[in-house]
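Okay, structure first, notes after.
Going by the order they are written in, the chains are A, B, C, D and E; count residues from 1 in each one.
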């Protein structure tokens, strides 16, 4: 029952949210809903594992599709990430003003419902449904509350990802007719035995969909624009949680179904991902806009994950698992900082900022922690993930690992560049009258920092959580 | 060559010639008259095929009613002068070539189809074309479409009224 | 006692947390008491641990399981043995002294920055202790990166100055290049052995092929090059002098930069089994030693001279490691920590007195104003120059002798470097303390000896610099007097088994010592006399001197060869490839659709005739397609 | 008479109708050409009807096979009549508004 | 049979009610009541409760599929009448006659869903078409309406000619107008069907493709839909078109033996052309109405998949598609008719002024674009699934999906205009009932999007 609650709670509260006219009430309502979801998630996963973790009910009997929700380790972790992110996002952006706040928060909650659904769906059609459900509200969120060029950027994002999901739909359809019992159930898909030659096309259909979502080079160009133009709260969802959909899908829906094709094309994908890592890192070095910088940095990090996914390495896959969570936490932290700066100073241009460390020491310290988590400094959470992933990559090919490793250096370059330009040096015209962050942002960031450090020092709970998924995935190989 | 064949070829030649004249005539009134000639020729064919009822109906309905209606409209609009401007020559050529190709392609198809080798249309004999037989069939086997065609007329009538009524 | 070893890093961590979080609430004296207190506590525990180890030998203390993913696991464990306990002593001991010194030196800072400073410093010590204590390469790497972080934070401590920030960033990035090598080596180990714990790795070393060992050692050495500022990754260290002087003393002279030596000493067995790597280490070390020494000859910034000197001395240590004199290298780490820390602190004292003037051309004659600083500085100079019986003499001698054993050429080049060291150190000493004052009157008016919180560490370190060498008296003077060697013997036992030492005869050794000492004394006298009469006016140097003054233009070279092309590439990717290439392709599809739309619209001409014409044509085409096997074309040909 | 002759004739008339539709601009003439096409079809249907009747007659003298073809012609005429009434009404309506029956003139709606 | 007779009678009733009253709302209620009656009669027929039994001599056959389609078509018409009925007077004053014509069209639809021979097909199509020519030209003083009407008429009658030639050739080859008649003349090659029969089917195909506006026989569609009064475009583009598809499928499913493999090549050519022209050309339209015309071509491309696949899934799918597409389009047109400006700019800022209208329109547009949770998704899904099930044509599915993505572009332009652009979207008066109707319709669209079985189960129960 837990997964049903996790979907229904944000869905219903979201629908109610549309009718809340008063801005503060809407905010409170959304925060309440998000916190409740978090409580349900934590309680369901950690404290009452005896409550049913799956749900199954008839839906479309004629089609062989059932409303089946299950939670394996990876699902639990991502559910947890989703549940953790939303309260923090709402908290961090609590003071932001939105016209029609009710609709804004309602759409955010709908997005959450979609994300939850994606992570727990165990039926391909249902999965596709939630996949889209998560996308549509984001489209409206970005287009209605975004930056200047929001309409074009969001539209590009939407069409791009929509093309991807349609590809996936074609793949799902094809697989569906290959199943013995004409069913969309994960198990039925899994049982399909396909010729390697058959696998190839379908593999790519799926992969392109997921690659666009992640996004990996060269399918990434929607991403910086979308991140830049979206309202930051949405950007946090997009980069913190939504990109995980792609990785999640590769682990759950791609590799188990097409083991042969995954092996066959591993090299291409890994090379693409690694090229993407370096490419994005290099571009990030010259970005002047904080949001774009974080966007490219995110591409680089995702590149490492997607490369590792195909290395066929147990340790590497484990790294990907925990990195999914960690990247979410870290990138949300960075966005919160970016938003705090933008909200207060009205600019995101590095060239206009400087000297904030004098004016906002707390923000500076928290950002520095986040920045170092971003470059995977040991004892921050990202280190564990990247360390394990590089291990996987290394066992695949030494040279690829070495080349990918260059991104570690580049990450330091662009991240420190950002820290320096924003916080160090002398104040500028813009930052002269800056003040330190207020309580709610501080609270959100402190929570994140605690998570960052805690998981960096003691990552074992996360590793244990996702062990079963990794085992199952690798067992199929 | 039997008389039937002679008549056939004569009527065919007349029909084709008249049909061509319909579309080369500059004056719409002439076109109408040439079209009536075509109908007469076709009615001749019907008679040759021993379909007297259709031959008569053809003359009455087409030549007698429809074409008169056309003439009437043309007169009403005062179009009997050669007011029609020419289409662009290329369009004309393209139209003619397309039509020609259509003919040639279908003719070649018929030529190659072995289905109709040795098949003939019964001339002169066979009494299905007689009004008695047709009437019997029309009011027994074909009574449903017959009744339904009344709906067609009804709608055409309503339509004509709607269109023609002054507002 | 060893099981309480976790207290050693714990104290500084607590200090870091208290100072870091409560820095606004506390007064400066509270901050300094906490900062120094935790160090003292840590030092006391270290001493206890040291004696425990001395008595009971090495142990591994397991704290908790850090990463456990299937068969691969990394325990959070501490290696308590001779090597680490020695380093503990150096780190906590010198660390404590420098904390003490800092309390006075940084007193001008505001409370919160003062607290920040001590927090960073404590965090640094914590990281350094992790590095040293870690029982596997991953924990070492944690400390390894941690010290890099603190170095970054401390170099950029005065963050208002962009110059300093660049220096901090440069230090971090260059360290990262090395770290990548380190990481790859660790991955290699995991890939081959599935473990990173020292014990397991060294026990299973026979499972590694020669190629593996060579590659791993070389990669590890890349890490060491970054951290210990070896060619070609040394340029960050002189720039790191942007940080407060006590920081330079602690991090960029005494402790952090010796991490590379610690790491190689820790992995000595691997290196011993990889002669190629050893040669590389030796040559890089030697080259660095001599290269940095040449640069130091013409530097005018008091801290820069010391920085290059540090680079050079680190080079010696690597030379020692390269030729298999692991004990010698560690010995030199220790003595170097004493006298280099002393030199930096002395320089700090001078800078403090000179109101942050660092140009030695504007100093001179400080002898009479700052007697304690002067004396201790002189002692340190003598130690670094290698005058017997000061500590530097013993350690450097041990390395050079081993180098001679390995390859006499190493010795000669190393000796040349030593002579240069003596020259530039005494150039520095003379220009600072002797002669007449060349600064402004105002500066002269304010010259004063530093407060006791600063001089006491100087004195302590001076004593250590003078006497520290006696823990490693070479065999030539007294057999079995090298107590350090005995102490460290278990660490290097495996290597020692493999190494076949052929020793020089005693006479030869005496002769070499004598010659070198005489040469060094000669150089010192020459330097003192040459620079004693230095005048304030500056002359434009030329030729090789200019080259040296500009540090061989290495920074400029890097800038042209690496930094600028990288930025150009970045701009190229951002503006050309991303915008016009990939995004262009994506937008191109959209544009194509738009173009198609505008063209296809024209098909809808509004003319019924055209519509019907197209319909008829398509109809004909359909017939032709459908009956293409009926050879309509053939028929048509016949028709005409 | 061989059935092909009828087919050729009918197709010829039909194609002439098509050509007329494609080449003339006067809406009324175009419409007349459509009528010509319909008549060509009628002729063909009658011919086929007699052909099928002939085939069936060989075995069954009382057969009415082929009668449906002729009845179809009848219905085509019915429809044609209805179409003409509506079509001419539309043409007249058009003429009232623009004083022309030139179909090339109909190009307000395009693209 | 019930439906055919009753719809014709209702046409007459509407005609005469025009004499009694000229009050449009009364007429609207009469029409709605008539439609309810019609639905009831048809349902009685479906469940064999009450049947007018007339011996059609095999010319018509009423099986579940056709009758069920009738119900849906009448239901959609009811929705249409409820939403847009009061706007019919915008087209012209002869409201009663327009309703009468609509009922005649429904009569034609009932014939098309049950024809069993080419004669009834022909008659059905004519009964369907002739009222439409009139309705298109209903706005007599509007030159666009005139032009559309004449164009439609000329092209329609030309196509009738083509179709009749096809029927004649078919008759020649088979000796019958019945669909299931085998070629009586034995073929030379043994298995090869008669050439003339194939040629006949080709001509019939062209004619039917014209009726459902499949490219490249679609040219009338944009002009006619654009020129016709909005209310009638709505009717034509939805219910009538769906009926065309039903007839199309009825006609060609029975001929699958005759049609060789080349058939699929030609059909896929038509499908791709339809998708291409419909979608691509819609991109740059300025008028929403014209965009919807092109979009209806694009949707026809998807519906043609049913013909391509020709299996059970396709039969279910075409029903679902018809419903999903019709409801969404009727909804959009109902809103569009209320707008005073049919261009995209006319929709600017609608969300502020009439949030309900904007929201429901968004749902309809999402449905047309085939986004999950709306009816349109399952409609497209069934079409594609039917093709995939047949196997071997995955490439066609991928092409179709590409165009589905293109379609998002122009559908979302409307959403962008409504929500993201500033403007003063002027509308005529919006009543509460109208809003309620729209909301109910939108809810139904979403309901189908979640449980398509509520439509599909009609087949089985």
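Note that in this section a contact is a pair of C-beta atoms (placed from the backbone, for glycine too) under 8 Å apart; a residue touches a chain by one contact, two chains touch by 3 or more.
Small disclaimer: the values here were computed from a predicted structure and weren't measured.
Chemist: Give me the chains shared as neighbours by chain C and chain E.
Modeler: Shared contacts of chain C and chain E: A, B, D.
Chemist: Which is the least count of steps on a path of touching chains running from chain B to chain E?
Modeler: Each step joins two touching chains, and the minimum needed here is 1.
Chemist: Could you work out how many touching-chain steps separate chain A from chain B at minimum?
Modeler: Shortest path length, in steps: 2.
Chemist: With respect to inter-chain C-beta contacts, which pair, B-C or B-D, contains the greater number?
Modeler: B-D
Chemist: Which chain's centre, taken as the mean of its Cα atoms, is farthest from the centre of chain C?
Modeler: Farthest from chain C by mean C-alpha position: B.
Chemist: If you take the mean of the Cα atoms for each chain, which one ends up farthest from chain A?
Modeler: Of all chains, B has its centre farthest from that of chain A.
Chemist: Of the chains shown, whose Cα mean is nearest the mean of all protein Cα atoms?
Modeler: Nearest to the common C-alpha centre lies chain A.
Chemist: Just the number, please: Cα centre separation of chain A and chain D in whole Å.
Modeler: For chain A versus chain D, the centre distance works out to 66 Å.
Chemist: Between chain A and chain C, what is the separation of their C-alpha centroids in Å?
Modeler: 36
Chemist: Taking each chain's centre as its mean C-alpha position, how far apart are chain C and chain D in Å?
Modeler: That gives a centre separation of 96 Å.
Chemist: Just give me the whole-number Å value for how far the CA centre of chain A lies from that of chain E.
Modeler: Distance between chain centres: 43 Å.
Chemist: Hey, what residues on chain C touch two or more of the other chains?
Modeler: Answer for chain C, listing residues that touch two or more other chains: 601, 604, 606, 608-610, 612-613, 616, 619, 623, 627, 630.
Chemist: Could you list the positions in chain B whose residues touch two or more of the other chains?
Modeler: Within chain B, the residues that touch at least two other chains are 87, 91, 94-95, 98-99, 102, 106, 109-112, 116, 119, 141-142, 145, 149, 152, 155-156, 159, 163.
Chemist: By residue number and range, which residues of chain A touch two or more other chains?
Modeler: Residue numbers touching two or more other chains: none in chain A.
Chemist: Taking all chains into account, which pairs touch?
Modeler: Touching chain pairs, listed by label, come out as A-C, A-E, B-C, B-D, B-E, C-D, C-E, D-E.
Chemist: Flag every residue of chain E that touches chain D in the complex, lowest number first.
Modeler: Chain E residues touching chain D: 119, 122-123, 126, 130, 133-134, 137, 140-141, 143-144, 146-151, 153-154, 157-158, 160-162, 164-165, 167-169, 171-172, 175-177, 184, 222-224, 226-227.
Chemist: Please output the residues of chain D touching chain E within their complex, sorted ascending.
Modeler: Going through chain D, the ones touching chain E are 3, 7, 10, 14, 17, 21, 27, 30-31, 34, 37-38, 40-41, 44-45, 48-49, 51-52, 55, 65-66, 68-69, 71-72, 75-76, 79, 82-83, 86-87, 90-91, 93-94, 97-98, 103, 106, 108-110.
Chemist: So in the complex, which bits of chain B are touching chain D?
Modeler: So the residues of chain B touching chain D come out as 4-5, 8, 12, 15-16, 19-20, 22-23, 28, 31-32, 35, 38-39, 42, 45-46, 48-51, 53-54, 57-58, 61-62, 65-66, 69-70, 73-74, 76-77, 79, 84-87, 91-92, 94-96, 98-100, 102-103, 106-107, 110-111, 116, 119-123, 126, 128-129, 133-134, 137-138, 141-142, 145, 149, 152-153, 155-157, 159-160, 163-164.
Chemist: Where on chain C is chain E touching in the complex?
Modeler: Contacts found on chain C: 593-594, 596-598, 600-601, 603-604, 606, 608, 610-612, 614-615, 618-619, 622-623, 625-628, 630.
Chemist: Which residues of chain B touch chain E in the complex?
Modeler: It is residues 106, 109-110, 112-116, 119, 140-142, 144-145, 148-149, 151-152, 154-156, 158-159, 161-163, 165, 167 of chain B that touch chain E.
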